[in-house]
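Structure below; questions to follow.
The letters A, B, C and D name the chains in turn, as written, and every chain counts its residues from 1.
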Amino acid sequence: MRGYRFFASIALAALIASLTYVPARAAGAQGVSAKAILVGVQVSLTGPASTVGQGFKAGTQMAVDEINAHGGINGRHIDVVYEDDAGTAEGGISAVRRLMDQDKVFAIFGGGTSTSTASVIPLIQQSKFLYYDSLASDPRVLQNYSPYVFSGMTVVRADVAAYAAKVLGQTFKAHTVGFLSSDEAFCTTVLPFMIPRLADQGIRVVLQEKFKSGDTDFTAQASAIKSANPDAMYLCGLPADGGRLLPQLKRAGITSKLLGDTVFGDTVVPKLAGSAADGFYALWINSEQFMGEKTGPMGDWKTRFAKAFPNPPPNTPNSFSLAGYADFYVFAEGLRRAGPDPTQDKMIDGLEHVRNWTAGKDAYFTWAVPVGLPRTFRNGDHKGNRECVLIVVRNGDYSRVENFGT
Amino acid sequence: MNLLVGGIAIGAVYALVAIGLTLIFRATGVVNFAQGEMLMAGAYAYVLLTQSGAGPLVQILGPIALGAVIGLVFFFVTRILLRRAPEISIVIGTLAISILMQAAARLKFTDNPMRAVPWLFGDRDVSLGSGTTISINSVTVVVVTMIVFGALYWTFRRTTYGKAMRAVAEDPVRAAITGIPVNRMLALSWSLGGVVAALAGMLLAPITGVYPAMGAGVLFPAFIAAAMGGFESVFGALFGGIILGVVQTYAVVGVGGVARDGITFALLVAVLIWRPQGIFSTVTLRTH
Amino acid sequence: MTKSLPRFPCSPLVYGTLLGLAAIAFEFTLPPYPRFIFGQFAVLVIITLGVNLLLGVAGLLSLASPAFVGIGANLSTAIMLRAHVPILVSIPISVIAGWCIGWVLGTVSLRLAGFYLAMVTFGFLDVFLVILNEGGDYTGGGYGLIVPISTLPIIGNVTLDVVIAISAFTAGLMIVLVGQVQRSRIGRAWLAIKDEPIAAEIQGIDVPRMKTLAFAVSSALATLAGTYQALLLGVTNPSAYSLNVAVAHLTYVVVGGMTASVVGPVVGPFILFVMPETFRAIGQYREVFYGAILLLVLIVAPNGITGTISDLMTRGRARLGR
Amino acid sequence: MRDVDVSFGGVHALQRFTISIEKGEIHGLIGPNGAGKTTAINTLCGVVQRQGGEIEVDGRIVNPRPRRLVEYGIGRTFQKPAIFTDLSALENVLVGAHAQSKAGLINGALSTPLALSEERDHTARAIDLLRAVGYDRDPNESAKRLAFGALRQIEVARTLMSEPRILLLDEPTAGLTGAEIARLAAMLRAVCDERGVTILLVEHNVPFVFGSCNTVTAMHEGSRIATGTPAQIRVNEAVVASYLGPHHGERAAPAPIEPEVGEVTRILEVRELTSGYGSTTIIRDASLHVGTGEIVALLGRNGAGKTTLLNTILGDPRPRGGDVVWNGRSIRGLSMDRIVAAGIGLVPQQRAIIARQSVDDNLQLATFGIRLSKRQYAERVEEMMTRFPRLAERRTSLGGSLSGGERQMLAIAKVLMRRPKLLLLDEPSIGLAPTIVDELAKIVATLRDEGLPVMIAEQNVTWVAPIARRAYLIDGGRIIEEGPPSVLAESEALAERYLGSIQA
């Protein structure tokens, strides 16, 4: 019977092969050789989040090349392997398993989206494998604490909520606030944290409107906001949503002050919304200065980036390149502190002694451009960055709001 | 008030895509799952032309020409290459092309939406009295959709080519016996569908921005609008699109933004089960 | 191209278990990462068997297969989390639920044909994804649920290798059982409905009941695969059940060959999932690779790989005048 | 069936149709094309809804639904054999036993003893049946590429598998060769005698019906005109008239319009043409020609291949062998619209006009691709209106709303709009009242006098014979006789061809 002869032959081959299998012995700390350390990077190179991944990879590679150009760490050269997770859950898990089991990297430097990062955390905790997440702001990354998981540039939802509440209360001096957020997970998780913080300041939430990410028509939500007429609005969604939302709100004649989530802190919003974005506030966590600025460290960084990548991938450098660059230095600092023959535990201990640290301002990585916000890790608290920067759109792009009491 | 206009505007875009679907289905019997990607191609052509500073006429005619060419490519694939394949394989063929087009666009332009300036009039708004303003683009969308519908209605009623296409749609064998070159008519139907899709792309671009998955989002509501016309009547597709746009907008107010898809699906099942041959079409459903 | 029912020395259950055990043996020859890929491949084979049964055998085009995978994954995980029961309880419940929902969706298929059915199932998937995102803590909001570590009576707690073994065993068993069904009286009835519905009805085949049965079986298989996928991935994120996944399932069936043989549903996922996974160079161009190979197969070999092979063999045999 | 009425949108397919079939007999049902034979079978099976009358099986009044036919013990075959191409021959037949077997999903999957035993004896029975119907190939061979004859055998075997008490056959001899027909007749006789199955045989091949049936019913235009033994029906006046045309023989033919034409130059020549559909060959080595200014008749009973021959000339289906020469140039393989543009106009049996557009639109579409000035176009339309006055009144109404006669006129007008150099008519007289048929004859004759050669494929001999200059007789896809129409029409050979020889 043709069908079964096909499978019988496979079964036979399998039985013979299984007798010859000898598991390979892992030699010394995985991923460490005499002259090099292999670091794995999980990143979303394909799928809807490809811009995030491409930008992050460029920034990370820039930092790696700079470190290797200056003699690497503790005499070892840094090798990097990138595994694409396509921005999905199963993609993330496959990428992480490939890094751990096949590429046999020393540790993982994570640049996936919220979806692909949150889904690998249970696997990381089970495998007790060092995972330094730079971008994903999902609460479940650090929810049940594990010594193996660190969170770099990104500010967790609770801190974003606290920060936003402070801006709404003290800067905008609003008494009534409205929410307009998409169905994305990172939006639905920030509101529950923010409402108590607003209540502490005696601010009433008068409106909670929702929309589906990718919607094109907000006339309904705009009219609801107009009738509720809150003093200020907190907006959350993907950058593209922001670009579509702002013109329609402006057209509906909404006068309340608008504050956007950290994800809205992206050049796409002013570019897409055009003049309607003027006066729109958002939170920025990627670096001291906003990307748009030409002077200071940001200016140097951009020229270096241009030199390093004559023809960069489309839409880069972007905010995710900054994150990749700054956080890889923090990761490298952890590696350096792990000493001449590094193990994951030594690196964890090293990272947990990093206090208020920014590459370029420290003693060792003097050549780095100090663009990142300072990172601090402690045993039991692996949230590297709590600070946000308030930015506002002035004639076409964001810029930092200077005199703002943190 | 502007709720209604907003609803009509987005409904008009659904209608345009639905008209494209109907044009192609009734002549060729193929449901084009890649109609959204045709729309996306038209939108990208429009944005690139506006950015490259081409004259206003080229900005409009360029995407339309591209739409016509893409329509012919689809005709070539489904009619010549997939000649022997059963109907299901042709439907899956259009799905395959839609993946290819989306993936290619993502590689070239990534997913960051590009900004598109509305036709000719730029970003100005129009006040409708009582203080509410709507974007000039919404007006253009509705006006252009009406013009397209009028033009199609006139061609199919008056011109010989229009009548010939209707004859092929009714029965390719009878049309052939009458002396009508069937393949040329099918190619014309496909490229006309491409043109309408490109037009819809140009009109949707300023509303949503231009990104690879922009077409897919509009495809499902357009299916429903076309189903209301039984995939036979262009008028049914137009009217179906407008109704859907308005109902969705008010549903969002009533029930909340996210229920939009649930409602759209409920409408689809209602239409298909209750009147498979569509509410407006007089002809019984072409048996598959 | 199907043969008459082969004379079995023993019940197909024995054959199925044999093939399943062989699959497990094969699993342990693989280093960790390829073993994980093999696990995912086994899950995909079960799904493709179901989709091929619906599309290749009963001739019904549905885009709802990922929804049932999602139902399997989320329901079994939710039951385990809520009722603290091991997988031996949660998986059967989910599969029965999948069967019933499949039956209901099947009744819709009675009134619709061809692409209309594809559109309604497309809508069903859309609504399922909305429910998943809005499910609050029943479905873990936008992220899905984290699958708890479950235990089995003899084997102890269910590690990754155990899950892969179970998936591989079930895949082997299902290949045989589905193959049997497709060659049995029920299978012939489905093929009859696909080719000449009126003639089939006149032979006394209850066409509506057969169609809903095809939907139910296909959905149950997808749901079962969903429960395994949840255990395999450890999380039930909605991104694993999107429309692209539905198109991927169709691609496996079309490339494998829409015939009643069981070789197609194994060959399809192997070429389209395992091969791209092994040579990573594709990376960015994975989606383009999918679209291109699907279109190529549709044009060059309309009835897929197994279909073309069996055609070549019959033509060859005819020429030999056997 | 008693007083059954069936109508489709104005067309009365069956009018108070009554037929009673005795147990254990082979009952033939004959009648010219369009008499409603197939509709009768479809109504009996519930595939078509009837508007009146009742159906009684074994004394029980029933309202048959296709799915419950098996309960009444009724099985049927189709005009085009309905074969499940994904299954092998044996499996096709096994499907016939679906209603009798019970092995469900679980039994099937696990091949339980119940399933296996059922399969074993069904398979045995199926193989016997295949042998009985004369199927001699490998039963496990896929049914996809088998010849027409084999498909017919499989279908009959499958129907017999469900052990019906009544077997309905819908034109089983269509597409079969002489030898296959003989074997079919023997098999039917055996099935009826040995297995006691009552058979209703609907068939065009009248000689075959007379040869193998106990009683025969003849019907015409939806109602029964005669029932009796084959011998009685063979000579029954009404039956012969329904086939050969009203008052055959002694009808005073209008003055034979015999134009004195010099040597005829051949405008269309068909040389050893072979053609067919799918795996079956219908036309075998047919040769004929049409000269300028002459009317040629192509006579033959239904199913003899007339329509296939005309369609092959038009290019759909493509000819497989031989050649079609138009004005000395081969047009074999050209696409249909190119052949139409070359000047060959066909008025097909039905499907001639665009139903959902007006008469004017139909005429306009007919001139597609021809450069005509406004004046020339208006001239031609006027010409059609004078030639077909009935159309003039209905210019704006939709094609679908026209009567049978008006549709035929419009169809011919459409072809004439293109100024064809040859007019082909495919059984134009079907469903037309005799007065209109005469009008049609006059129109065709005037066209011929204006120099337009016409070939008429027709079963109804009487109106064609007087105006045709030459005639061919086609049977079984072959041209078997050629000569002056009057000689052919009178000769017994023609009646014999149609109705078979008169048994002693």
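As a working rule, a contact is a pair of C-beta atoms (placed from the backbone, for glycine too) under 8 Å apart; a residue touches a chain by one contact, two chains touch by 3 or more.
Quick caveat: nothing in here was measured; it's all calculated off a predicted structure.
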item: Minimal step count in the chain contact network, chain A to chain D; value: 2
item: Chain centre separation in whole Å, for chain B relative to chain A (CA means); value: 38
item: Chain B and chain C: spacing of chain centres that average the CA atoms, whole Å; value: 33
item: Inter-chain centre distance, chain B versus chain D - centres from mean C-alpha coordinates, in Å; value: 43
item: CA centroid of chain C to CA centroid of chain D, Å; value: 46
item: Chain C residues counted as touching two or more neighbouring chains; value: 3, 133-134, 284, 287
item: Per-residue multi-chain contacts in chain A, two or more chains; value: 46, 50, 183
item: Touching pairs among all chains present in the structure; value: A-B, A-C, B-C, B-D, C-D
item: Interface residues, chain C side, partner chain B - complex; value: 55, 59, 61, 108, 111-116, 118-120, 122-124, 126-127, 130, 133-134, 243-244, 247, 250-251, 254, 258, 284-285, 287-288, 290-292, 294-295, 298-299, 302
item: Residue numbers on chain C that touch chain A, as the complex places them; value: 3, 6, 15, 18-19, 22-23, 25-26, 28-29, 31-34, 36-37, 40, 133-134, 141-144, 146-147, 172, 175, 179, 229, 233-235, 237, 239-240, 261-263, 277, 280, 283-284, 286-287
item: Complex interface listing, chain A residues touching chain C; value: 1-4, 6-7, 10-15, 17-18, 20-21, 24, 45-46, 50, 83-84, 86-90, 93-94, 97-98, 100-102, 114-115, 118-119, 122-123, 126, 138, 140, 183-185, 188-189
item: Interface residues, chain B side, partner chain C - complex; value: 31, 77, 81-82, 84-89, 91-93, 95-100, 102-104, 106-107, 216, 220, 223, 227, 258-259, 261-262, 264-265, 268-269, 272-273, 276, 287-288
item: Chain A - residues contacting chain B, complex; value: 46-51, 54, 183, 209-212, 214-217, 219-221, 223-224, 239-240, 243-244, 247-248, 251-253, 268, 271-272, 274-275, 313-315
